[in-house]
Structure formats: C-alpha cells, structure tokens
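What follows are several structures.
Both of the next two complexes hold chain A, though its partner changes from chain B to chain C.
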Partner chain A sequence: MLLSIRRSVRSRLLLALLILCAGTITFVPLAIRGDGTPEGYLLVFVRYALGGSMALLSVAAIWLGCLAIDAEFEQGSSELLFSKPASRWSIWMGNLAGAAIVLTAVMLLAAASVYGLVRLRIFSVAAEPEEKSLLRERLFVARRIVCPRQEDYRVRASRLLEKLDRNRWIGAGMARDEALRMLQYALAVRDASLAPGQSRTWIYDLDNGLTGDHAVLLKFRAVGPTHGAAALFLDWTISEGLSGRTLLEKQIRCLPGREETIVIPAAAAGGVRLLSVRCTNPRVNRTPLTFDPARLPWLEIYAGGFEANYLRSVIILCANLVFLCSIGMLSGCIFSLPTAAFTSLWWLLMVNLAPYFHTMAGKRFIFYSHHEVKSAPTFWDNLFRLFFSLLDRLFYPLRITDPLQQVVEAHSIPWSQVFYEVLFKGVAAVLVMSLVAALILSRRQYIRNP
Partner chain B sequence: MHAVQQRENGNRETVVVLRDLTKIYRDFWRRTRIRAVQHLSIEVSRGEVFGLLGPNGSGKTTTLKMLVGLLHPTSGSISILGRSPRSAATRHLLGYLPEESLLYPFLSAREALDFYGQLFDLPAAERRRRVDQLLEMTGLVHVADRPIGQYSRGMVRRVGLAQALINDPDIIVLDEPTAGMDPLASRQVKDILRSLADHGRTVILSSHLLADVEDICDRIAVLYNGRLRAVGTVEELLVHEDRFIVSLPAADTDLLRMITGEIRRRMGSEPEVSHPRRNLEDFFLELIRTAKDTETADFSGASEPGLVAEYLSHGEEDKHTLPRASSRQGNGNDNIADPP
Partner chain C sequence: MNREKTRNEAPRGLAGRLPRLAAGSLCILLLVLAGRAGQVAASHRYRAQYDRLPAEAGTRPTLPAGIRFVTVALGGFRGIVADALWIRASILQEKGRYFELVQLADWITALEPHFPEVWIFHAWNLAYNVSVLFESPEDRWRWVRHGIALLRDRGIVFNPDSPSLCRELGWIFLHKIGSDYDSAHWYYKRSWAREMEPFFPEGRLDYDRLVSAPSDRRRLLADPQVASLVDHIRAAGEDPFDAAVLHPRSRPPSVNRLLQNNPAAAVLLDFIRRNVLEHRYKLQPDIMRQVEEICGPLDWRLPYAHSAYWGYRGAAQAQGFEKLACERMVYQSAAAAFRQGKLYYDRERDIFILLPKLDMFEHVLRTYQYAAAQLEDPAPALEARYYFLRMATLYFYVYSGPEEARRVFTMLRSSGYAEEVPTDLDRFLVEETLRTSPPGDLKSILNAVLYQAAFWEALDFPDRAQGFTRLARLLWKEERRRAATTAAPSESLFEKRLEEARQQVRKTLSAAVPVGPENGL
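Right after this comes the complex of A and B.
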C-alpha cells in the first residue's frame, strides 16, 4: 500500500492529478457561465466542475489500476515481488489500497474546494441576511420525494377486459396479457388527465408528519398541447387530510412540458401527516391536459442539510473510483497495458450505459414500425430483449450513478444508496475481483525473453 | 515439520533436489516454442556454493526461476528442504537475486530493503537492524537515502544482493550475481557469498563468467541447450591428472637448459617453459589498493563494504537457537574489507 502511495507521489502522478483537478475546478466555471442564478452557479460548480474532476479521476483510476500490476510485469519488478512469501491476494489488495487512498485524497480535496467555491460564489449573490437565509432554505438543503398513493389498476383492468371480451371488442390477434397491460395504462392515463372543468385529487402520506421548520415543495410537469407554447392555468388546492383545513389555494400559470413548483410555507405545513392535493383544469383553458402516470405531481420535503447530502455523494463517487481502479487492476493482471486499458474503458462505457440496457430490457417491443401496429413481439424483438436483459443483469448492479445531479436538484441521497454503492461496488465487487486476480496471478508465469 | 531429505554426502544434508526437470515454453496454441531445460537432475547440499555454468540460452535462468517458483516445470520435480518451491513456507527460506536487479527506481535503498523485509513479515525493529547491517555490508550506507534510479548498475546489484539476504535465507539463489560489477565489487560479492556458505547457507548461482564460478563454487553443473553436460567439483572437472606444473624461483639459463634436457631425455617429450602470470583480477585489485593507500578522493558512489551482516553470520546450527541480537561468531571470513 505504502509502495503505491510512494510511487504515485514520487512519479508526480499525484501532482498531475491535483493540477488537472484544480484546472477543471478553475476553468469550467469560467468557461460555462450558467444563467447567473444561484441554482445556475450550483449546477456549474457541482455538476460540471466536480463532475468533470470525477470524469478525469475515473480515467486516472482505470489507468492507475492497469499500471499497478501491469507495470510490475513490464518492468520486471514482479519477478522479485512474487518470489517473496507475500500472497498474491495481499499484493493485489495492497496495490489497490494505495491507489484508492491516492484517488480518494484527490477526490476529497476537489470536493472540499468545490464546496468552498460554491459557498463563496452563491452567498456573494445575496447581500442581505434574509436573502442568504432564503438561499439556504432553497438551495442548501436535501429533500426527499413523496409520491401520491397509486391505485392498483389490475383489478379494474381485468374487469374491463372481461366486459370487452364478452362484447368481442378485443382484436383476434391480440394476446390477453398484452390487452390487460394496455388497459392498465389507459386507466392510469385517464386518471391522470383533466378535461376542462374537471378536477383530480391525490393523497400523500407523510410518515412522521412535517415539522413546520421548512417549506414543502409541490412539483409537477403537465403534458398538453405545446404548439404556440400557450400557457395553461391550473387551480391548486392543498389541504390537510382528506377533508381537513385548507393550507393553500393557488392558481398557477404553467407551460406544458416544464417543471413547475408551488411552495407550501413552513408555517402552514407544520404537523401535517396526510396531505391532499386537488388540481382543477379551469374551463378557461379549453384544452385537456394530463400528467405522466409514472410522474404524477410529487412533494419534496426537507430531509437534511446540503453538507450531509454532499458528503454522501462524495462517498459514492469515491466508492465508484475504487471500483473502477479495481477493474483496471484486474484487466492489468490478464492483459498487457494497452489491451487492459481498452478493456477497462469498455467496462466503464458498459456500466455507464447500464441504465439504457435496463430501459431496453423492460420494453416489449424493440423495433417499431410506423406502418403497422404490432399485437405481439416478433422473434427479433424477443432476441434483442434477451440480449439487453443479459447486459442488464450483468451491468445494472454495477451502474455508475450520478449523485451530483441529486445534490444539484436538492434531492436527498438516502443512506441505503450510499451503503449499496460502498458495500456492493467498493467492497463486494472488489473482493470478487481480488480473488479472481489472485487466482490469475498464482497461475501466471514470469517469463521475460525466454 | 518438513521432511528433510538426508543423504550421506560428506555428512551434509541435501537441501535442493531437481529430478528429471523439463521446461518447455509453448505458444498460445500450445505448440512447443523452446525446450529450455531437458531432463535435468541435480542435488545440492547445505553449505555448498553450487554454480550453473553455460552459454546464453542454455537454461540457467529458467532453472533458477523454477527453483524459486516463478516458473512451473513442464515435467519433473523440485524439492527444497522437502517442500515445493511454490509454497509460502519455502519462500521464507529463499533469497533470490534475478538476472537484472529490477528494483523500484523511486525508492531509496533503505526503503527498498525495508519494503522487501515487510514482505517477510519481519518486525519493524528487526527490519531496521537488518537493513542497517546490509547497507553496511554492501557499502551503500552513504547513498542509502538516494533513489535507486540514480544508482549505477553495480550499486543496484548490491541492493539486489542485500534484498536477497534480508530474510536471513537458508538457500540463496543468484542469477549472474556479479553481472555489471567492476572487478573490485565483483571480488567483494564473491567474498560475501563464500562467507555465507561458510556459515551454512547454500548458494546456488548461475554465471557465464568462468573465472567467477571457478573462484567460489564448490561444485559446478555445465548446461548447454537445456541439458546437463557435466557436474562435479571444480577440481574434478578442471584438473589434468596426467600432467604436472613445477614452479621454480628465477634460475639461470644453463640450469633451466639442464633441467629441460633431463626431462626430455627421460620422458621423451618437450616440457613447456614459461614465466608464471598473475591473473588480471589480482593485478587490478593490487593496483586499486595501492592507489587507495596513497590518495584520498571525493567519492559519491558505493563505499567499501563492511562486515557480513551480524544476523547472517550465525552458523546453521545456532541460527535457530541463538537470540537474534547475540554476538557475532567472528572468524577470519567475516572481515571482507580487504580482498585477498
């Protein structure tokens, strides 16, 4: 471990990484100005500057990992190292620990610098203490998302299907489960839609109740006709419980497709355990609108401070760096440096594409045609779905998440996510890779120009 | 407890046994590329300096790598003190110096030795003690904190030798130990090795420098094309039993003519008459010693080595019984400061 740290320090790799990260943190905010709002500054500093440093460190982690073992073989020092009684596993783990410490140290330094810059820059925008307090409330928090109670549409859909079946309204070629799925979706869309003059109510369970110290945000994104970008008006009534006191009544002017926010003041929300939100589409709109059934209006409630959330995101990033470094080291055990680097970068690409594989694996139809409506998946749909399912099984658990986006959006990163990333990627996956590497190293022979 | 193979060979136990050893390098498709070693059988006893001699590509390095477990034999077996060379327990007893001293260039000699000591799980205090003694022994005290990348090749070889001895090994395997060294350093290394053998360590070395092998080895095996061509003591292999050399002090021409005439008359063959020659190494060492006695020069490289490290100078019998900090078992071989 100490050897890896000394190697990094004396080969000036650590210095190079620090300079690169410092350069990224300095020049990215200069190059990307943002929109001048505090949210814009947060986005530029955290998402782009620290995200850029993370991208650099990811490549460095892979490179460092590939070099750690491969250089031992290329330079021949492995001949001495592996003639000693230290186990292959301990040598591999020692190398990884050294590289992990170096990468984590650079990451922590970068994160600390970004945090300092964020505070300095954002609070310089607000001159008055009240403004600063508002900023703190708006930006320097972490909120968790609460979604409304969702109805299980299976029962309603099956009843409807039986009725349609009796009347022979289902096409002869359509599979029953396919028809059931379509009906469920149609019911969900109907329940999320509002014709002019129509209202919908959603109920939100707030487990421990609201403390009344922080405002609650109600967010929504309406889907409607976007031609002409005509604004729609929506009437919102937010009350406590099913028929309790009204907390807020507001008419909101919104644009379809854009995320809108209603702030429920802290004082009004105190002690509330059940919240009902009623939305009315006034006749003045003269057009129906809907919400995505998978993204009905949601609440964002206070779940902690910015600093704790930021720290959790940095822990996740560090776990990802260790994971990438161990991928590089495992590749370095098997292949020569260029092949190992290529293989590791391929892995990096795959784990970044994992969410896409997950989406594709969940689709029933991979290929669509504008000329015909498919009643059942074809052979090619099934084949590609199988292919994506395999990729999904392999890479989805290892996917590289983007916790910085959550920090920027003030979404709380739950400890379960942190534990998953650290235990699964930083420990379990690394342990498995170390055992594979130890097995490979013990089978490997030390031939130099025989 | 390991089963040590015992053999009556001058009352010495056999510590290394190679039986019908063969190593074939194959390509990706398992086709034979090189037959590096073929049916090699050798036994080496405790306290012996055993030399593997042969031209380049004769299989010396491959044999040594198999001996330290870096290569796996294609067939045949290797036993070191009754164990496989690939077991961790065996590696605790081995010291190995590869053909090229492939040390980490960013470490200093002191750090490198400490690092290799850690791989043997030596306690920190013991490591420090041994590192100091080895640096003294190899004459690297003055440059101990400089990065190895700044060392000359000879100095790197000295560090390589020191790391091979950090664990107080029973068996020391050295691949071309004097390669890249000047004659003075080479002489010093040879003396160290001889001294270690006198203290019960077994030294197995390979070289293509015939004079080196002749100087220090008790027994030699000659390899060519992966096969064993000859094995035996230096005396057995080199002495012409049917010829004698008579050395005389300076004599006048008449006396010499009379002696050669008498030999010719009695034996019927012409005797060879010439002046004896010192070998070049002796001449060089004498020259350097004289220069040192008369001049003082600025010196930035390795200095003259010191005594054999104290922990190495225990005999084999007392190695495990005496406390590590016990006093040195002094004898004439300990002081290697003045080459013979």
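Right after this comes the complex of A and C.
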C-alpha cells in the first residue's frame, strides 16, 4: 500500500489533478454569474466550484483505478508483483488504498479551499454588515425537513371501493389494485385541496421539541388554475399542539406554482413539540387551490451549522470517489486500459441514470397513447417494466448522490445518509469488488508469453 | 529452408501488389474526400438557408477564448453536456430553485453560441416565465434585465447578423416593459427611464454631436484641455470615465466642481455617453438617427424607442417572414410611442406619467409607408396603418379636438377600408371606443370615461378633461339611444353622472397609495 501511495504521489497525475482542481476553483468565480443577488452568487459558487472539482476527480478516479492494475501487466511488473508471497486481494486493496488516499486528499484540499473562498467572498459580495449577517443566517445553516402526519389511505380507499359500484364508477376492466391506487391518490388530492372558504389542518411531530434559538420556516407551494399570473391569498394559523396557543396568524399573498415561506419567529417556537398548521382558502380568491399530495406544506427546522453539513457532504463525495476508483480497478483487472476505461465510464453513466430507471420501474404503463385509455398493462408494458426493474435493482443502490445540492439548499444531510454512503459504497461495495477482483487476478495469466 | 523461401517471396508478392493497392487506396480516399466535400457543402447550404451560418464565415465575430475552448474541447460531447444542462435547468425551474438559472442559461448558450433559438428561449424564459414568479417588482425587474442582458450583451454580440435575436430583444422592450400585461410594468418603465436618463436628459440626443465625439481614449486625450480635466478628476480620487459622471445627481461633489464652467467637460461627457451607449447598451448613434428619421422623434428613456431600434436593426438583416416581423415591430413601436411616448417625469415629486405624443402622427404614418415599401407583400403594413388611423382618430378627438379628429377620420375613410368605417364621425368614435375598451357593457365603459374626465380635471389638466368629457357625452347619447328613451337628452342628467365621477375621484385621491417603487408606481 505504501508503495502504491508513493507511486501515486510521485506520478504526474497527482500534480495534474491538483492543478486542475486549483484551476477549477480559481476560474469558476470568474466564469459564474449568479441571479444578481449575493446569496445566489455564493450558492452557485459552492455548487460549481466543488461540483467541478468532483467531476474532475470522478474521471480521474476511474482513470487511476483502470491504470493501477493494468499498468502492472503493461509494464511487465506483474511477474514480479504476483510472484511475491502476497495475496491477490491484498495487492488489489493496497492499490485501491493508495489511489483512494490521494483522491481523498485532493478532494479535502479542494473542499477546504472552496470553504475558505466562500468565507472570504461574503465580505466582497455583501457591502453592509446587515447584509453579511443575513447572508450568514441564510447560507451558513442546515435545516432538516419535517413533513406533516400522513394518513394511510389504503383503509379508506378499500372501504370506498367496496361501496362503489365498480362497474359503474371504475370500469369493468380495471384491476382491483389499480382501482385502489387511483382511489388512494384521489383521496390524497382531495385532502390536499381547498375550495374557497375551506380549511385544512396539518400536524407536525417535532420529536425533541424546538429550542427557540432559531426561526422555523414553513414552506409551501400552492397550485391554482393560473400559473404565476394572479396572486392568491391564504390565511395561515400556526398553533402549538392540537388546540394550544396560537403562535402565528398571517395572511400570505402567494403566486401559484411558486414556493413561499412563512417565518415562525424563534421566540414563539421555543419548546414546541407538536405543531398544527391550519390553512384557509379565503372566499376572496374565488378559486380552489391544491397542494401536491407528495409535497404538503413542510417545516424546515434548524439542524446545525453549515460547516458540519458541508463536511458531511465532502465525506459522501469522498466515499463516491473511492467507489468509482474501485470500479475502475475492477475493470482494469478484466480488461486492458482503453476497454477498462470505457467499461467504467459506461458503469458511471448507468449509476447516474439510476434515478431514471427507478422512476420507470415504478410506472405501471410504459407506453401511452393519447387516443386510448388502458385499463391494464400490455405485454410490452410488462416486459419493459421488468427490464427497468432489473436495472433499478442493480444500479439504484449504487446511484451517485448529489449532497452538494442539499448543502446549497441548506438542507441538513443526516448522519444516516453519510453512514449509508460510506458503509455501502466505501466499504461493502468495495469489499465485494475486491473479492471479485482477487478471483479474476488469481485466474489471470500474469507471465508474458515468451 | 521453406521458411526462408516464404520470407523471400512475401515481399515480392506484396511489392507486386503494392501499386494496385496504392491506386485502390487513393481512389477510395478520393471518393471519401469527394463525398465529404459534398456533404460539407450541402450542410453549409442548409445552414446558410436557415440563417445559422452566414454566407461569409469571415464576418462572424470571434468568440471569447473560454467559449471557443469549451466548444472545441468538448467535441461531440458538447451536445450531451448541453442536454444535461437543459435537463438540470428544467428540473431546477420546476422545483423553484432559480439562483442557478442565469448560470445554466449562460453555459447552455455558450455551448451553442451560434444557435439563435437557444438564446431566444433562455432570454424569454428568464424575462417572462421566471420573472412572474416573483412578487416584488424589484425581483421581477431583475429577471427581465437578465433576459435583456443575455440577448443584448452576448447573443447579439456573437450573432450580429441574426435578425431573430434583435426581434426578440425588441419584443421584450415593446411587450414586457412597454405594454401593461405585467402587473409590474410601471416599475419596469420607471426603472428603465431612470437608467436611461443620464444618457438622454431630455429624452433625445444631438446625434451629430454624439457621432463627432472621440471614439477612443487616445483621441479624447489628444485634446490638452480634456487631458488636464481627466488628470484633475483622477487626482480627486474618482474615475473620470465612469458613467456616474454623466448625471449631476450621481456625480461626486468634487467632480461636479471640476466640471462646472470647464469647456472640456462637454467633450468628456459626450465621450462617456457615446462609449457607454455603444458598448454597454449596444446603441449605435448613426442607427439611432436612422430610426428617428423613420419613426420620428422618440423619447429614448421609454422602451418604445428601444424596441424600434432593435426591430430596425433586425429588419436590416432579415428576409421573408423575419423581415415582416421586424418591420412590424418598428411600426408597432412607433404607434405605441404615439399612444404614450411622451414622458412627464418629475423626480422631485416622484411623478411618472406617460402621455400621448400626437406630434408623431405624420411620422408614424411614414413608418407604415416605409414598412409597406420594404415588404414584398405590403398588405399587413397597410392593414396595420388602417387600425392605427382608427386609434389615432379617437386619440385626436380626446386629446386635441374634433377638428383634428375629423382630418384623421377623412384619411381613414380614404385608406382603402371605407366600407368598414361608418360615414359619421360620432358614430365611428362610439364604435371605436367600444371596440378598444376592455369587455364590459356600455354603462361601465361610460363610467370609466367619465372617471377619466374627472381624474384629469382633478389633476388640473383641463384640455384632457375636456376631451374625455366630449367622448363621454357621445357615449351617453348612445346609451340613451339604446335605451330607446324618447325624451330629449338632458344636460343636467349628464352633469349629475359627471359629478358622481368627480366625487369618486376625490374619494380615491384622498385615499391614494403613495407613489413609489414599492407600489409599482
């Protein structure tokens, strides 16, 4: 392993990586344009300076991985290396560890530089002290999302289904599961909709209670018949518990389709463990409103500082780099360099497409027609769904997550996510790949033909 | 022995086949090259036809090094990267995360710098779709400006011979800022006027003077008096070429003192004005003059002058439908300037009012004639002229008087659409008022006109109040005619309704919202 690290450090690749990352971090601020606000500028800077470095390091990780084993065969050093009394597994792991340490070191250096630059940029983009403190408050936080209690619509839907005359209301050809699913969705939409004059209440469980040091954000996005054009009014009442003291009463003017925020002052929110939010659609709107049932009004609660969140995101990025490097190394064990690099990049593409496979695997109908309403999936629907399900099973657990997006949106990255990424990708997947690689290496001929 | 033989024979055989192989390879190479040349020529013809590649590649401006590097370095992956950025932009917009959109639009357009539709889409998206999702006029204006900047500062610079980009930019000025479809339109107009005021203090410029101003610093500083003034301003710790120097309000006091009674000040200010207009706003003085020669005297603090300018620039390069669209923009801008092209802007009292500019009438007519002469099929321009004359008759009746209105009405009757125009002026005025008013019954339209009369009376604009009263009287007679009232129209009844409108205006003005940007006024 030490030899491997030494080789990696001495190689020109490290120097090239450092130069490229430094170039990215230096030139991104010159190339980026925010939305015209200091906040937007800094968010774009964090997103693209570190994101650009990660993109470079991802390709470098694959390349480094492919090169690590393949170079031994190409240079003829495999004869010497594999004739030593060391297991194939330990050789593979040693190579991986060397590359991983180098990549992680570069990543940490890039992350530290970006963080330092962000701290410095705040002073250059924000002129007034109030603006600076506001920026710190908005940018340098991490909030966790709390969703309201959700009813399980399965029971209600099945009861409703029994009551309904299926032949008349649902259609004779529709399967029971499909009818149940549709009813569940219809009930969820009905519960998320407000006719003029109607109210809805959502309950939020705040396990440890609110500390009262930081304001709580209530965010929502209402959808109306017009998009963005005409403003609508919504009356909000936020109370403690089910019928406790009122924390805030406010009428909000909102634009349909736009995410709106209500700030619940820190002083009012202190000590609250259960929050109820009541929303009324006043008659003045003269139009019904609805919220996306999958995105009902949610709370964003202070969950720590930016630094801890940023660190967690960097750990995830490092775990992804190790994972990519091991994919490259595994490919390098099987193929020679160009083929190995191509195979690894194909793998990278697949894991990036994993969310798409996941979506497609969850669809009931793959093929739609505007002229025909299907009551049941066809043979081709089932076949393609099976295909996407297989791809989903294979690639979804390995998907490359984007923790930087969470950081710039000030959403807290839970430690559970970090552990999952590190244990699953950085350890478990790597171990599996190392075993496969050891098996392949033990069967691969390493002495050249005379 | 055998091996030796084979070795000796093999080259001989190969050598024997070599000329044939070489000739065959050459033929294949020539065929491939010919095919490729034909393909490239066809591709260039196709692209030239669709205006994506100018006939002379040498006229294309040099792209910035960064964009050239990206487009060349990415090679075939450029499309994939562009697609990925498009998808990301769509997802972020859907999620309501806007801060990255300008950046993404910037990069997507950099990947496709010579594809006008890409610039047009992103500029439109920022100026129209994203802006309306913000409530405050300041935020909206910021996004409209992003759309303008994308086209003006980059799209048109990289594609100077693309008329569609000029047309789109003109459309943002004419429709987004100039019309009243956006609830924040007053804020846009006001902000734009505020931005333009230092360059056009009275709305217009002396173009001869501007064109004769030095075009670069070397020529400017050749004048010893100017050089001395510049040195003095620098010694005072200010930038002598900053646009803030133009306006007495934004000028630092030290610079103000230096400029006072200094004969070189005018030269320096003209130089700054010309440079900022040319480089920041991409307004060429000679083209501005040409636009005014066609459209008449325009107020450049208002968006209509700018939409006419960009329409004119687009029309100069356009063919076919694009030319029609650009010409249409020029005469629509001129007609809009006739309707509300006179700016009454009182900074002290914070009053911003747009008034009709009746003296532009002849110029606007000339604009239609110019457009008709430019187009292969003059029918759209002539039809637009007819509708303009209809509108102008009504405007002259209200803002000038029946005599002028009658003169324009005569022109309207002889414009080739006589069968669509009533012979009686009063009848026409009623019809035209009803046609151009927002949907509503005659009573509500009459009330609105009475309200206008009372409003202008309260603001001490007697001529305008009189004009609206005249129109209201016509509508009132029509109302009585429709009600089949046999009794003779009583003046006292009309006065009673006017008085009601006056009371309403008094009530509104007493509870008026203070004028200011926070109210979009």
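We take it that the second predicted complex is superposed on the first by the 425 of 450 C-alpha atoms of A that agree within 3 Å, B and C clash if a C-alpha of one lies under 4 Å from a C-alpha of the other, contacts with A are read in each partner's own complex, and residues count from 1 in each chain.
The rule is short, and it goes like this: a residue touches a chain if its C-beta (ideal position, glycine included) is under 8 Å from a C-beta of that chain, and two chains touch if they have at least 3 such contacts.
This structure is a prediction, so every number in the text was calculated from the model and none was measured.
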Just from the overlay, do chain B and chain C fit on chain A, or is there a clash?
-> fit
May I ask you to decide whether A:337 touches chain B, chain C, both, or neither, giving the answer as first, second, both or neither?
-> neither
After superposition on the shared chain, which partner residues are touched by A:43: those of chain B (first), chain C (second), both, or neither?
-> second
Given the touch rule stated above, what does A:84 touch, chain B (first), chain C (second), both, or neither?
-> first
Please work out whether A:34 is in contact with chain B alone, chain C alone, both, or neither, and reply first, second, both or neither.
-> second
Which partner does A:76 reach: the first (chain B), the second (chain C), both, or neither?
-> first
Superposed on chain A, how close does chain B come to chain C by Cα atoms? Whole Å, please.
-> 14
The intersection of the chain A residues contacting chain B with those contacting chain C is none
Give every residue of chain A touching chain B within the complex, in rising order.
-> 2-3, 6-7, 10-11, 75-77, 79-87, 445-447, 450
What part of chain B is in contact with chain A in the complex they form?
-> 25, 34, 36, 62, 65, 68-72, 88-89, 91-92, 94, 96, 98, 100, 102-104, 106-107, 111, 115-116, 119-121, 147, 163
Along chain A, where are the residues that touch chain C in the complex?
-> 31-37, 39-40, 43-44, 47-48, 221, 228-229, 231, 253, 255, 257-259, 409
In the complex, chain C touches chain A at residues 66, 95-103, 106, 129, 132-135, 142-143, 145-146
